[in-house]
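The structure that follows is given in the form of C-alpha cells.
The first chain written gets the first letter, and so on, giving A, B, C and D; residue counts start at 1 in each chain.
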C-alpha cells in the first residue's frame, strides 16, 4: 500500500513538449509510471515518445481517465495550468515549476478546495511510491520499497535523508516533497493523516524548515491524532532571524516560524527531532524497535 | 399562509438613516412589519423612531436575529450592502435601490448562491404579505389578504393590476416585485415554485415584460411542474425591436425576449395571457371557477 | 452608451489588442494631412452610431492617397439612417486569410458575462447563429474567477490550429475580457477578428456599448460620449428624473412607472393608435416634473394628443391631481389631453381634474380610446 | 524586493491614499531648491533599506527652511547599520490626534493575504502584538472576492467613531489592498496611519515589499529597485542561477539545493563553526556554475575555508565530480576546500576528487568538522 499514488495511477504531463517536461517524462516512464498522455496546446494529435499529446487537459482526461497531472510549464503560466487540471477534474496535481508568484498561489488555493483537487507543490520535486510510481523529478535510484512514510519541504535534503534511510535498510511506502514556497498545496498535516491511515506505513519521517507554522500544526496533529511514530528534522536552525518582513511579519508569526519553536512543538508532541540528518535512521529504528 | 415573509419575519433596514430609508421604514412599521433594527455605519447605538441602529449588519443580526433585510443605500454601494447582508447570514435580502451597475449584480450572483441568500431585486418595489408584513415601497392600501399569488417585474403596473384584483374581490397571499434590472435575484421560476408549494395560494398572476427569457423559463416550469392556475400579462408588446445590442444581443437571445415569443410560450403552457391589464381579474375568476 | 468604432479601436490598443494602422478624419483636409502619399490599400469607414453602414455605402476601399481623399469626401456628410456622417476612419486594409467572430455581452439569462466566438466571422454572423447555432461557441464566465487563461486558450483552439496563432487569439480574448470588465461594458465585439497570410491575428472592426448605470465610475468612457439629437433629448430628460424614448407615433404618453408606461403604449396600439414615445415620470407629485415632461411632449411636432396615465400609490391621486393642475396651468397649449388616474384616492383626484376642465377617465382602455379619438380631431 | 518610504508614498498617492506633502532630496542643494522659505514644521527622514532609522538619528524635525537644510545635512551621508544615507524625505509634519497601524501581508499559514489593523499604532506595534494580541484586528481576505467594502468598513469601525472618518479609513484600506494586489506586493504597511485634529486620515509612514517571483510582470515596481552592495551580490548570483545570501561567518558553503544548504549551515554551526553564506547552486553538473559560485565565495574576504556539499540525484556524483574538477582547475586559489559527495555514484565521484588532490569526505558531519579545522589553519 501507499498514499496518493500507486502502480495503477494514470498520469498526464502538462508541458510535455518542453525541455524539462520531455526529459522527466521519459525518466518517469522508464521507472514504470503509468503516463497516459501529455498536454501541449496546438500540438494535440502528435505524440512524445509514444505518449499521446492533447490540446487541453479536458481532452486528455476524457480520452485517458487520468487521475493525476504533473506540471512542467513556466512560472508565469503555472497557476493557470493548475486551474486547468483542477477544472478538468484531475484529483491530484503535482506542480514542479518554481518561481510562481505568491498571489497566483493564493488565488488558486480556495478554488482547488472547492473543486476537491489535491495539490502537491509548487516548487517541489514531486512524490514517489518506490517500485510503483514516480511523479516529478526525484532521483529514482535512491528510493526503495518499505514501510516508512516520508514528507519534506526541500529537494536535495530529501534525497540526502532518503538515501540514508535506504542505506540503513529502511524502505519507503511513499515519499512526498511538498515544496518550499510560502503558499503551497498539501501541508504536513494532510499527509500525516494519509500516512496514519495507510496500513503499510509504520513510521513517518518529517523534514521541516524554518518559516511558517506548518510544522507546529503537524506537531499538534501528531499529538492529538497519530498512533504511528514520527521522527523529525528541522533545517535552518542556524539561519539568521534578520530576514523578517516588517512589523507585519513579526505580528503575524508572533514568535512561531523559528527552528527553536518547531523543535519545541515536536518535542512536546513526543516526536524526536534529529540534531543532524545523519541521526534520522537511528531514531527511526529506535522507534520501530529495530 | 404566504411565501417568503409573514407577520413574524424580523426585518432590518440597510440605509435606515437616509431620506428614503427613513420614510419607508416608518411606512413599513405603520403597516405592522416587524422592523427590528437598522444599519448606518458610525451611527450604531442611536435609534430611528424607536428602532435601534447598528454599525454593521453582523451586529444587527447578532442582536436581533433578523431574517430579512431591505436595502435603501445608493447605487454605488448597494451591491456591497447585499454582500454584507449575505455574509451576515441574512436569508432574504430585498434591494430597492435602482441604477446598480450590471457587473456588480453579476459579481454578487454566485456569492449569494454559495451563501444560500435569496435576493429580491434590485430595482424593485419589494414584497408584501397583505395584512402581515410589507417590505419595500409598495403602497399598502391597494393590497388585501386572499388566495392569489402575484409576481411582477414592474412597479406601478403591479399596483395597477393588484388594485384591479382587490377591487374585483381577489385578495393576495403574497405579492412580489422582482425588479426590472437585466440581472436580478429571484426570477419567476423560483417564486412560482414557492407559490405552488404554498397551501394558501390558489392561483398566480404573473406580469412579464419584454427582454430576457425569464418568462419563457417560467412557462416551461408551469407546463412541467404546476398544478395551480396561472394568468399572465406581458408589457411591451408595442415596444420597437430597434434597441438591440449588436450582433451579440441577437445571437444570445436567438429570437427569444420578444412579447410574441413570451405569449406563445405561455399559451403553449396553458396559461391565458391577458390582452390588456383590465382582463386579468376576469381570467383569474374564470380559472378559479368563480 | 455607445461609442464609435475608432473609439473602440483606441480602447483595444490601450489594452494591447492588435488593430491595423488607422486614423480618424473629420474632413477632406484632415485626410489630406494625415494620409501619406503611398499606394497602400486603405478602407474608409463612416463613424456613425448605427448598424448597416456597409450596405448604406459608408465603407469604401481606396488604392491611393487621392482615392482615399475622394472616397472620404463621398462618405463625409452622407446620411445613414437619419444620421449625418461627421467622421471617417481611414485604416490600412489587410489581407485576410480567415475571419472570426468574438463577442462579450452581459447575458441576463445566465446572469453572467458570456463570451461568444465563431470560426465563421464577418457580416453574416447572425445568419450563422440562426442556421448553424452549433458553430457559435458560448462560454458563461464565472465573475469571481474571470476568464481564466486556459478557457481563453480552449476557445482559441477551436478557432485556430497553429500554436503561435492560438496564443495570439487567446491573449486577445483575455485582453478583451479585461477591457470589458474594467470599463463596465455591456457589449464588446470584434467582428471580424482576422488571421492574415503572414499569420498575425488582428481586430479589424470593433464595437462596444457601456452600462449607463456604471458611468458614474467610468469617467474615461463618459468622455467618449457623443450623442445624436434624439439621444440628447433622452439624456436631458433623464437629468430631470424622466425616462424618455422617442418613437414614431402621434400620441404622447406621460406615465408613472416603466411597466405601466409600456402597458399604456400597448393599450394605445391595441386600439389602433401609435404611441409617440415612452415617458416615465417616476413616482412623485412634483408639478415641475409634469411641466418638464409636458414640454418634452410638446416639442415633438408629431404629437397630436397626450394621454396622462397615473397610478396613485404612496403618493395619493388627489395630490397627483393638484400637481397636474398646477403644472398644466403654467403651460399654454391647445394640445388635446386626456387624464386617467387610478389607485389611492382616485375619485378625489379625478374630481379635481374635471373641475380644471380636462376630460377624465378611470380605466386605461378608455383613456387610450379617448386619446386616439382626440388625435384624429387635431390636424 | 524592498522600496524606500518615499517610493511607497508615491504608490500611495497613485492609488489615492492621502499622504502629507513632501519631497525627496538627494543633497543639501536639493533641499535648498525644493523647500520654500516658510516656517512650516517639517520632518526629515533618512531613506535607507533598513529598520530602526529613528533610533539611529535618521529622523529629525525642522521648524524653518534653514533648519531643514541643516538637519538634512546631518542625515545625508550618515551611516545606518552599514548603509549610507543618500536620500532624505522632507515631509510636512502634521498634528496627530491618534495613531493607527494598518498592514497587509502574504500569510503562509492562512494561505491568504491578511489584513492587520490596530488602534494602537506607532513604533511600539510589535510590543502591542506580543503583550495585547487582542488589540490587533486580523482579517484573512478571500482572494477571489477581494477585500469587500463592508469588510474594510467593519475594520474602520473598530478604529474610529465618526462616520466621515470611518469612510476615509475604509477607503484607505480598500485602496491599499488594490495597490497590494496590483503590484504583487508581499508586504504593505501604513504605520502610523493618523487622525489629525482637523479630522483628516493620513498615511504618515509607509513600507512595501514585493514578491521577487512576480517582478517579471511588474515593470513599474522593478524600475524602483535600488540595491545595497550585498543585495547586488545576491542579484548577480541569481542571474547566474545561484541563490546566495551573505552571512557573518568564515566558512564558505557551496551546496546543491536550498534545504541541504540550510542543513549544511546548521551542521557547521553544530560543530562550532560559523557559515559565511547560504549558497545553493541548483541541480546540474555545469562547471560554469561552480566557477561562478567559487568566485562569489572567494570575493568574500572573511571566508577562510570552503565546504562543498553535493548530493548526486538525477545528475550522478561522478559527473558532478568531473564538473567540479574542471571548475577548480580554472580557479587559482590557496583557499582550503573540502568536498563531500553523496548519492548516486558517490564512490566514483569521490575517487575523482581525491585524484585531483582535494580532501574528500562522505558524510556532512565529517565535512563540517574538516572545514572548521581548515578554517582555523588559515590566518
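The working rule: a contact is a pair of C-beta atoms (placed from the backbone, for glycine too) under 8 Å apart; a residue touches a chain by one contact, two chains touch by 3 or more.
What you see is a predicted model; the values in this text were computed from it and never measured.
A.B. asks: Name the chain whose C-alpha centroid is farthest from the C-alpha centroid of subunit B.
C.D. replies: Checked the centroid distances; the maximum from subunit B is D.
A.B. asks: Of the chain pairs A-D and B-D, which one is connected by the greater count of C-beta contacts?
C.D. replies: A-D is joined by more C-beta pairs in contact.
A.B. asks: For subunit A versus subunit D, what separation do you get between their C-alpha means, in angstrom?
C.D. replies: 28
A.B. asks: So, what's the distance in Å between the C-alpha centres of subunit D and subunit B?
C.D. replies: The computed centroid separation for subunit B versus subunit D comes out at 55 Å.
A.B. asks: From the C-alpha centre of subunit A to that of subunit B, how far is it in Å?
C.D. replies: Taking the mean C-alpha position of each chain, the two centres sit 51 Å apart.
A.B. asks: Counting only residues that touch at least two other chains, what does the list for subunit D look like?
C.D. replies: 144-145
A.B. asks: Return the residues of subunit A touching two or more other chains; collapse runs of consecutive numbers into ranges.
C.D. replies: 111
A.B. asks: Graph of touching chains, which shape: line, ring, star, complete, other?
C.D. replies: If you draw each chain as a dot and join those that touch, the picture is no line, ring, star or complete graph.
A.B. asks: Looking at the whole structure, which two-chain pairs count as touching?
C.D. replies: Touching chain pairs, listed by label, are A-C, A-D, B-C, B-D, C-D.
A.B. asks: Hey, which residues of subunit D end up touching subunit C in the complex?
C.D. replies: So the residues of subunit D in touch with subunit C come to 144-145.
A.B. asks: Quick one: which bits of subunit A touch subunit C in the complex? Just the residue numbers, please.
C.D. replies: 40-44, 55-58, 77, 80-81, 83-84, 87, 111
A.B. asks: Within their complex, state which residues of subunit B touch subunit C.
C.D. replies: 27, 75-76, 99-107, 109-111, 137-139, 141-142, 152-160, 163, 180, 182-183, 207, 209-214, 233, 235-240, 243, 245-252, 254-255, 275-278
A.B. asks: Residues of subunit C touching subunit B in their complex?
C.D. replies: My answer: residues 51, 101, 103-109, 111-114, 116, 125-126, 129-130, 133, 136, 138, 142-144, 181, 184, 186-187, 189, 191, 207, 209, 211, 213-214, 216-217, 245, 247-248, 255-260, 262-263, 265-270, 275, 278, 283, 311-314, 342-344, 363-365.
A.B. asks: For the complex, give me every residue of subunit D touching subunit B.
C.D. replies: 145, 148-150, 153-154, 157, 161-164, 166-167
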